[in-house]
Structures are given as structure tokens and as C-alpha cells.
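Chain lettering (A, B, C and D) follows the sequence in which the chains are written, and residue indices restart at 1 in each chain.
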Amino acid sequence: MNQNTVSSSESVTKKYKKRSQFAEIWRRFKQNKGAMVGLFVVFVIIFIAVFADVLFDYDTQVTAMDIANRMKEPCMEHLFGTDEMGRDIFIRVLYGSRASLSVGAMATLIGLIVGMTLGCIAGYFGGAIEDVIMRATDICGSIPHILMGIAIVSALGVSTMNLILALGFTSISSFVRITRAAVLTVRNQEYVEAGRAIGQSEAKIIFSHILPNCLSPIIVQVTLRIASAIVAASSLSFLGLGVKPPSPEWGALLSAGRTYVRTKPYMTLFPGLAIMVTVLAFNLVGDGLRDALDPKLRK
Amino acid sequence: MKRVLALVLATIMALSLVACSSGAADNSAATQADAQSATEAAKAEAPAATEAAATEAAVPEVEYKEEVIIGTDTKVNSLDIQENCAIASGYIYLMTHEPLVHYYEGEFFPKLAETWENKDGLEYTFHLRKGIKFHDGSEFSADDVLFTIKRAKENPTTHANVKAFVDTIESVTKVDDYTVVFKLTEVNNDFLIDMSKTGSLGMLSEEACAAAEDGYKYGTGPWVNSEFFAEDHITVVRNDDYWGELPVTKKVTFRLIPEASARLIALENHEIDVCIYPDASEYSLVEENPELDMFTYTSGLNYIFYNVDQAPVDDPNFRLALAYATDNQQIIDGALGGYGVPATTTNSLTAVSFFDDFESVGQSKYTRDLDKAKEYLAKSKYPNGATVTIQFTTGQREIISQILQSQWKDIGVTVELDKTDSAGRAAAKQEDKWQAYLASVAYTDAGNSFSETFVTDGGTNQMGWSNARVDELFKQCAVETDEAKRYEMYKEIQSIIHEECPAYPMYYALKAIAYNKKVSGVKWESRGVMEFAYAKVEK
Amino acid sequence: MWRYCLRRILQLIPIIIGVSFLIYFLMDIAPGDIVLLKMGDNNMTAEQIEALYEQYGLNQPLPVRYLKYMGRLLQGDLGISQATGEPVMDMFMARIGSTARLAIASVLVSIIISIPLGIISAVHDGTVIDNVASFGTLLGLSIPNFWLGLVLIIVFSLKLGWLPSNGDDGTIKSLILPAITIGTSLTAALGRTTRSSMLDVIHQDYLRTVRAKGASEKIVIWKHALKNAMIPILTVAGEQFAGVLGGSALTETVFAWPGTGRLLIDSINGRDVTTVTGLLILKTLIGSVIILIVDLLYAAVDPRVRARFANSGRRKKK
Amino acid sequence: MPEKNEIKKVLEIKNLTVRFDVDGEVVRAVNNVNLSLNAGQTLGLVGETGAGKTTTALAALRLVPDPPGIIESGEIIINDKNIMDLPVQKMQKIRGDEISMIFQDPMTSLDPVQTVGDQIAESFLLHLDISRQEAVEKAKDMLETVGIPRERANEYPHQFSGGMRQRVVIAIALACNPSILIADEPTTALDVTIQAQVLELMKDLKAQYNMAMIMITHDLGIIAEVCDDVAVMYAGRIVEQGTLKDVFNHTRHPYTEGLFNSLPNINCRVEELTPIPGQMPDPTNLPKGCAFAPRCRYATEACKEKQPEEHWISDTHMVACTAYEQEGFHIERGDR
């Protein structure tokens, strides 16, 4: 980059120093149209997920069967058609956002909490603890995630909670690695040294100095992980290891409709699209965040 | 209900007739042959078949492909015929191994035994065919029969069904190299049917099994095991030294294609010639395709098994309440796309002992009747309803269990769904931690065959149910020779089971095998045990 | 360099011990076991069951079984499958060819799609073209694999009749659909890496030098920039290759592909502990060796890495 | 240097204005710059970091990164061709062949994954119709020319020291014997001893190849050593321009004066350094009047209101300062 612009953007940053860091990130994020579309979609999906039970009644509209109306093609009454038990696919897909999102989010949360804690400990304390943690991470990371998921769900039994546990467990290793790497880069910065110098406790240093400064790669990882957990959940559903019926989780809908993929393609099309749109949206947001949080990648 | 049943049966018959038209020559020839003149029949069989083929295709000579490819859905784990009773493995065993007696649609035909005699139902003498060689070159003789039964009795991996049967054989003795005598522990009217099961009692070579660990893969059949790759394919090649009629085809490959949709596509795409079990939702695609045909048959009986030791399903009144809250037709429509026959009693549709006219004995059939269901519920230990956990393994049963959940809710019974895999189920059963389980059982046509589910500690008695009267009646049936008297006893058995409802009969699934119209020579069988030994595909 | 390789291989030992123990443990807590499965829905007497447990060596406690297993493993023996009686190594060898071919083809598909898109994205950073190209690489990731597989089969096998719908007949033709199915799900990561790595490189001074020489943009990007951006791309591609080698069970199921992924799933369902553990150990080994090879490939791409290797056997830190 | 009016102009920049659109804001990097360069002439371009020197040079090669850079207006004429109108392919033919550039940091200007020989040879391959082998041979010759043994052609940049690398960069730039060489602070990143060697080399090669050269630097010493003419840039504008003598001995612009004042004077060490107060204005928000006015001790209200115009003191000496509209204005640093 040419030196003029470098110096000018330096002065730009100087000028906007009074703006908060968040506003600056938001400003950069806003410029990424794809990310904005993604964010909008994510908000819509979260909205639907949160208010799903206000919009629809679980017992009468989501899970109640109506054999007389089974396998209806999409029409005005049933926008996405009905499934083999005569349940409205449109309502099930909308309600399914709750199951799918919560599976994705909970799994990621588990990975985040465990992974971040271990990563922090490994990165901050180093030494033998780090070796142990990183070796364990290598072990878990070296088994392909989907296989690990299959093994865990098979071992613990099919249930939504176990699905979340399995997906959460498999995402731990990436959080450990990312957190550790980020902690390593900030560990020896002056402000951390300063904290140590004035005798702050280790916990205080980690929580008030180190973590806030390595959040950005973690935040990006969270959004991407939610997306991949949703896809992974659908994969496990395909193998019969997904959520318990009659929950309308998207992977379960997709998997249930797969025998009708030729005769009733709409049964897989809509849940498939729901997964696709959601995963795309989360990925777009993740990519946008990555760019916005890491200005050195941008001009 | 009856009309539907009749209709379905008619369809099956028609379909199987059409399907068998080309193979009919073999059948009729075989039917004509009686036990005494089996050798002649075998000789006569071949010219009859060629004759039929000649008249069929008088002008252009029909050429056949060297290989027939069959797409299957179930992985066959082992070629050990005593270890496996699944239909999918039966297809292969039927081609490579032969039993002493052959059973087809209600009749017996000689196979490795040319003739046999029965004395007082307890002693059977088989006169073995001479000059027959196993695939490894060893000669078939009485020693091999003795070895086969001994192995089944002693090998720990022998399938429980096989073991249960061989345990009814008290002893096998060799009279000479080609004569053996079986002594039974008790009279068994179904003995010959059991003996005909290739899966269990195809003859193994003592020499081969002693020489190699996988010696069990050598049989005497027209086909020799060639390639075994469980997740991909199992190939058998023609046994050119076969004692009977040689197949036209040189090689048969069973390709495992687990996804039903993909399997049917492979058939439509001419990648395979026969597609085992297309999904019911895609039967219409087969019907619409002018190149394809389908053989449909009713398969095993699908039950809700109740663990009678576990609350709340320990109470017969509670189970009856559930029975009268269930609508079988809805299950068939919802989970099977209508391709099934509602079950009314706990027996095979085609069994001689079938009985479902419960009104005649002062009972009523299970039909959805919420008032009656609530009556029974009120009589039960759980008048305010309860929670029942339904355990199941496969995809289709996932829908069934949801339908049951929906139906039973109407009488205040809550259903928890417990999806598991077969290992999980095995563990639950072992630890007795389950309440209701969805499964199917396939019975033979023999009158006693459903006993294995209902006698105390029977092979498929998952329920832990035990009824002294039923045990007694089954025992009597096995020895009773008067057909009418036997039927009366079967009636009583089914009526007792109906009253107690330890297992609720839901439906007989209508299964299908789709195939290219160029395929001929398959022996379609109404229980689903198809024989592909003489399958051939026109070029 | 040999010392470096040796060191990396030695580092695998604790990982393999860990992996095998984890799997042994998981399979142990899984409900049911091979004996109960063999019994199926039938009843057996306690003696029969006991005999079976003894036959499979399952009557011993977990630590004993595990130590015995490890003892055999030390002698290079992966054991014999409890489900089929075949040596695990033989079962693996019979299937790895198909899996490896599929993995190579999938990563190739991923590379063919994502590297050009990633480059276009980077070159047009921040523009609509960037958005569209990034979107393109994300698309494959968002479509559940098995669904895409089924749709591809319907379109290309059934409707168009161009390609076989299933199985591995050893031809390229039979590879295409499964490779696309897996490959498209890999494009997101590879495209993203290509883009950011190219962005790092694209504003470097040396590209300006090349432009000042009078080179066209094509030369600047494809000859100079891409080669410099290659290391992270190689890393991700290598990881993806190792990953697909390790597990593409879903696609293998849809396409009836006779690979190791399906064997592994079947073995998990069949509670075949020896096979599951053996397969995962082999996968871990192969995956690590591939990543090691990729590391060594850096040297081929970047003379600076080469110099570092030549200078010392010290551990390379990225 | 004596005036030679008839000498051919190899480069002429007229009314060049370049801006950068960064994050929705406009950075005015180069404003209305006029420059011309005769064959064989060396022009020094002086100014602080961020004054627009490099952008001007890049514009001459049409290498201003776009986006975000936009050449708003202006003509650039190289050897009688207006390159602003040329299609991209034609422009690529000119780069490296007629006009070359040496960049500031030799550590980053070479492709780390290609041998230096290949990088020089690439220049030949791009502009001459010769085989690869010939190009490699010529590249080795070129290495010798810049004082590097030819055997080292197969080595990679990381095996060279900074000074050596800059020699390689010079070899690349001079490979096709361009008529114009732009050297953007070629010695800033080097050790002082190496600086002298590299400068010496450049001077020699310039004579040998008879090129015109623009030497971009903020080091007035280098200007004095190698340049015939000098242009002083401030905030994207040329504020003073003339022969070396004009600018050094007859300084007119307050900014130029400031530059000289901030240099330590070895002859008069008692004199205190007088740095220019303040900082260069934000290029996204240039003042309405003279950009230097806020820091200029001579500034009047008029300076802040009005863009300065060019005042020609002689045929060669130009100053852009409003103050000279007043009769008798002069800055402190008088003629020397």
C-alpha cells in the first residue's frame, strides 16, 4: 500500500478515536452488504425462533397429525405442503428454527465455555498445563468431527441433549486452539505486564485484560460454529442420531423427507432451504465480522 | 377390513403369477415330480424349461447377460449360514447352500435328500443323494449332515432361531454313508419346514470347515461364493459342476445400496437389474415406468411389544385401552403410504392357524373406539392415564411412534419416544429397561410358527409374557394330528392373546421387489424368501 | 529435516494412545455390545451369553481389555474384527483405495472452485464481485451433504443419464458425483483462506515491482501472488484431504461408496470395538502423515522454509 | 546546470490530481501537479512523508492502486505518448521498458519465492522477444552490472543483504534500458555506508544508460549530491521548483525554508534546530487556502483564504506562495 494512504488512514483513525471501538467495528461491518443481509436474516430467524410458540401452538399446529391431509402439495392453505402425517411443513419449518438454532447455539456455547477456559489456561499459564491441554486437544481434534459425533451420540443415546453435547464436544478443540493463539499474542503486551506489576490477581488479569483483547477471533468462530453445528446436526439426523421426534428440527425434517425426494420434493426442499439460508446467513455474518474486527485485512 | 385384505391378497397373487410366468415352467415341473421320482424330475425339469423357452422365443434366440446385479438394502455381515437368519442373507445362502428338503409355497421337494420317511412324528430317515460335491471338492455324505447339526448345536455364534430348532433334535445317527436318522425330542409338525430353511440348515462340509476357518462358505448349490465385501458387494459365480440344472447366468452380484431412493434410481438407470425393497413412497414410480415391474408381498407382522413386567404396561386392561385407542389404518396410511394390511390377530396372514373372527368367541376386534378404550383405562390401575415410552430403531417406526403418540393422547396417555439403535435396543432388553417396542416378526405358514413369540421364553417372546394355558395348547398343537382339533386350539390361543394383549398387532407391511422386465427366472416367494439361483437378464 | 519428521512422528504416540483410549471408553459406555447384538431379538440362556462374552473377550474389565489391545497394537497388530472375523488391517486396506480416490477428487473439486473464486474475491475486495464470489464458496457449505448428493443423483444419473448413480467401479465417471458432493462442502474454508491469504499478499511491495516491470495482472496474480499466498491454502487443502480421508460417511452412504467411512459407521452401530478403534487409529496416523507431508511441501513452495529446514532440525513455528 | 531548451522532454506531468476514496472519505493526495523531465536530467522530489511524492510517481506509471486511488485529471506524457489514453496492454509495454521505478524498501520489493535471476529475467521476457535461456543469461549480465556475482542468480532474496537486494531491484528496473527511472527513496531503508554505495551505483548507471531520473527523497543531502533540478512538495502540491541552485541557494518558499532549518548544520553547531511547528494537514480535510498556512509564520489572512498561485521568479524557478503577491516580501533565509 502506498505510503500516502497509510499515513492518511492513520490520521483517520486518530480522528475517530473518540468514537467507541464498537462503533468503528459496526461502521466497517455496515459496509459489507453481504454481511448486512446475513445479519438481517439471522435476526429474522432468531425472532421467529423466540416467538415460535406465540405464533403457533406446538400441540395442535406443529405436532398434531391429520392423516386426511397428508402429503398435500404446497397450496394457499399449506404454503409448503404437508408431510406424511399431514402436518403443515411451513409451520414446522418456522417452528423448527427454534430447535435448530438452539441446537446450534447450545452446542457452540458448550464448545465456547469449555474451549475458551482451557485455551485461556493453556495460553496464559503455559508449561505442563499447556502441554496437557494441547495434547488432549490434539487427540480430540484428530478424530473427524462427524465420526466423533456419531460415536458420542451412539454411546449416550439419541436425544436432543446428547446431540448438543456431541456437537459441543467436537467444537471444543477449535475454541481451545483459537483462544490459546489469541492469548499468546496478548499475554506479553504492556497492559498485561502493567496489570501484573500492580499486583492484580491472575483471574482479574485474564478476565479484564486478556480475554477482552482476544475476543474478536472467538466471536467470529462462534458465528461460524453455530452454522456448522446446524449442518452437523442435520447430518446426524440423516444417520438417525438427531433430535427426538416429533421435534421439527430442520435436519430431522430433511431426513424424514428424504424417501420422498423424488415423489414429493417439497418435503425436503423447504427444510433444506431453511438450513441453507440460515447457514449462509451465519457464515456471511461471520465473514463480515472477521473483516470488520481485523482491519489489517482491509485496505 | 376384510375386503381390503382380500383385495391385497388378490393383488399379491396376480403380481406373483405375472412375475412367475417365465419361471412357471420350472415350478410346474417341480410340482409334478413327487418325492419318489425326484431324480427323474430333475432330469425332466431341464428339457421342460428349454421347451418353454423355445416356444416363448421361437423366432429370435434370446441372449442373456453374463451377470445379474441385485441391489440390496441390508448388509450381510457373514457368510456363515448358521449365524444369520435375515432375509437379505437368505438370498445368498439359498444360492450357495442346499438343505436336505426344499419347501416352496406349501409343498416339499427333494434337494440333498432324495427321499425321506417319517415314523410317528419323532423319527425321520433321509436318503441322501449320491455323487454330490461341495464347492471345495469334498464329497457330500451322511457325515456332513451329522457335522452340520452338531456345529449348529455347539457353535456359540449360531443364531438363536437355529439353535432353538436344533435343540429339538435329540440325535442324528448315520445308518450308512447316504442314510441318516433324526430323532426328535418331541413331535414337531413343522419339522420339515424347519429343515428346509437354507439359512439354518443348508449342508456344510465337515472337511472344508476343518480345513479352513471360513469353510462354511462352501456349499453344494449352483453358486459358489466368490467375493465378499460387506459394505459394497457380495458376488457368487456359477458352479459349473452343479448336480442339477445349470443356471444361464455366470455371475450374480448383490450390491449394497443403503439409500432406498438411490437404489431405485440405480434400477431405473440400468445399473442394477433387481431392486430389493424400494421405498413404498416410490412404488408409483415403478408402476409408471414401462421398463420395470414389481413383486409385492406381505412381510412379517409388525407389533407393539409390551414389557409386561413394567408399569404401566403391566396391566392388561391398560394395554387393551391402548389397543382400542389405536387405528391401524392410520398407521398404514401415515407411515407406509397405504402399502400395508391392517393386522387383526397375532399370526401370519397365510398361516393355516390364522384366526381373527373374535366376535364368534364373544370378543371384539381391536378397532379404534375411544369409549371402549376409556372404559378399559378406567378399569386399569392407571385410570387417569400414564406415560408410556415407545422404543424403536428405524426411520419408518419413527413415524409410527409419532402417530401412536398422537392417537393415545386422546385417552390421556402420554408417549415418550425413545429412538435407539439395535445395540441400544439389545441392551435395553437385556436390562429389562423398556416399556413398549416396535418390531416385526416373520412367521412361516406353519401353524405353530407364532408360538415362538408367545410361549414362555420363546425365541421372539420379548414381552416376558407367560401364560400356562397358551404354553399347554401350543404343546398339544405340535403333536395333534387332527387338523380341525388343532385349529380349535389355535383359535383358543389367539383368543387368549387377544384378551391379554401382550403384543399388539399393527399391520403386515406390503414389501416389494422391483426389477427390470428383462429379468426372468426368479422364484418369487410369498414370504419374501426369493430364490435368485436361476435369475437371468435378457441382453 | 529427517529429525523434524521423526519428531513429528514421535509426537503422534501420545495422540494415538489418547484416541484409542477415548474410543475404547466411548464404545464401552455405549449401550449394548456385540454379544447382545448377535443375540438380536432372540432370547438366550445365561450360559450361552456367558460363552459368547468369553469368546469375544468381553468378560474382562475395560482396563484389562484396553491394555491387552494396546499390547497387541505395540506389535503392530490392529486385531480382528469382532463382527466379521477379518483382520482390521485387511478390512481397511480393502476400502482405503476407494476412500483415497474420493478424497483426492473431492479436494480437487474444492480447489478448482475455491481458489479462482477466492482470488477473484481478493482482487475485487469489498466490491459486489467480492460478495458474489464469497457467496459462491459459501453455498456448498450450507447445503446439507446428503441432500445435495440425492439431488445430484436425480439430475445427473436419472434425468440426464450421464453418470452412474452409485458405487465405485474404478472409473473417473463414478467419482464425479460423490466428489462434487463432498468437494462443494469444502469450498467455503478453502475459498475463505485463499481470499484472506491473497489479500495479505496482494498489497505487498513486490507485486508492485512486478507490475512496474510491465507484467500483466494475470502474471502478477497467478504467478507471483498465488505462489506467495500458497502456504495457508496448502495447509487448509491438506487438512481437508486428511478430513475427507477420515470421514465422509454420509456421502459414502448416499452413493453406496465402499469406503472406510461406512465401515466405521457400521462398526460403531455394530459395537465392533476392535474395528472402530483400529480404523480411528489408522485414520489419525494417515491424517497426521498427510499434514506432515503438507508441512514438507511448504519447503517446495517457499525457499525461506526450505532454508529453515536446511539450517536446523528445530521445530518450526508458524 | 546550463539551460538546454532544445533537449527532448521524456516525461511531462500536467495538472495531475489524484484522490483516494477510503471508507467513504476522500483523501486528496496529489493536487494539480505539473512536472517535466528532460532526457538525461535528474529531478529531485522532496517533501515530508505523505506529501504525495510516491503517488505522483506511481501515477507516472499508472500504478496508483485502483480502488481506492482515482486519477481525477491530468495528462502524463511519456516520450510524446499520453499514457492516460493508452489501453492497459500498451501501458504494460511501456512499464519497465520506457519507464521504471525503484521502490523504497528492498526488503519487501522482491518476490520472496522466486530466484533473483528469474525476477530480472522476467523483465527481459516481458519486453524482448527472446528465449528463457537468453533472458537468464542477460539477467546474469545485469547482476554483474550492478555488482553482484552472476553465480548468485539462482539464489532467493532472503539470501541477500538489504544493499544487495536494492542492487537487484535496480537491475530489474534497468534491465530494459528505460529512458526514465523513478527512484522512490531508494536508500532510506539502508545503512548509511550502503546508502553511499547504492547512490554511487545509481549515478554511474544513470550516466552509463543516459536515463532521466526522478529521485524521490526527504533527504536534502541526497538531492544536493545527485540532482540537477528540485521540486518541493507539500500536501499534494509542488510549492517550489527550480534548479538545484535556485532552490538551495535562493530559497523562496517558507516551507522549503523550514526544511532547511530543521537540518542540523555542521558548520554552525550553536544554531538551534528549528523544526516546523505543527503537522501536515489531514489530507481528507485540506484547508481552503494554502495548506501550509497553519504552520507558516509568514501566513496572512489572505493565505488562509486563497489557493496560492505559481510565481515564476526566473525561467527555472517557481514558487507557489500567496505572500509573494505583496511587494517586497521575502523570507528569512536569504540567498546564500
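Please note the rule applied: a contact is a pair of C-beta atoms (placed from the backbone, for glycine too) under 8 Å apart; a residue touches a chain by one contact, two chains touch by 3 or more.
Being a predicted model, the structure only gives us computed values, none of them experimental.
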| item | value |
| --- | --- |
| Contacts common to subunit B and subunit C (chain labels) | A |
| Steps needed, at fewest, to go from subunit A to subunit C via touching chains | 1 |
| Centroid comparison with subunit D (C-alpha atoms), farthest chain | B |
| Chain occupying the middle, per Cα centroid | C |
| Rounded Å distance, subunit C centre to subunit D centre (Cα mean) | 53 |
| Geometric centre distance via CA averages, subunit B-subunit A, whole Å | 48 |
| Distance between the centres, which are taken as Cα means, of subunit D and subunit B, whole angstrom | 92 |
| Residue list for subunit B, restricted to those that touch at least two other chains | 259, 261, 420-421, 423-424 |
| Contacts with 2+ other chains: residues of subunit C | 30-31, 126, 150, 154, 203, 253, 269 |
| Sequence positions of subunit D contacting 2 or more other chains | 65, 67 |
| Subunit C residues touching subunit D - in the complex, by the definition given at the top | 126-127, 203-216, 219, 224, 227-228, 301-304, 307 |
| Touch list for subunit B against partner subunit C, complex | 75, 77-78, 83, 156-157, 159-161, 163-164, 213-214, 229-233, 255-259, 261-263, 265-266, 268-269, 271, 420-430, 439, 441, 457-462 |
| Sites on subunit A touched by subunit C in the complex | 1, 31-34, 135-136, 138-140, 142-147, 150-152, 154-157, 227-228, 231, 234-235, 238-239, 251, 254-255, 258, 261-262, 268, 272, 275-280, 283-284, 287, 297-299 |
| Of subunit B, residues touching subunit A in the complex | 259-261, 279, 281-282, 284-285, 330, 333-335, 337, 393-395, 398-399, 401-403, 405-406, 417-421, 423-424 |
| Contacting residues of subunit C [partner subunit A, same complex] | 14-15, 18-19, 22-23, 26-27, 29-31, 125-126, 128, 131, 134-135, 138-139, 141-147, 150-151, 154, 188, 192, 196, 199-200, 203, 243, 246-247, 249-250, 253, 261, 264-265, 268-269, 276, 280, 283-284, 287-288 |
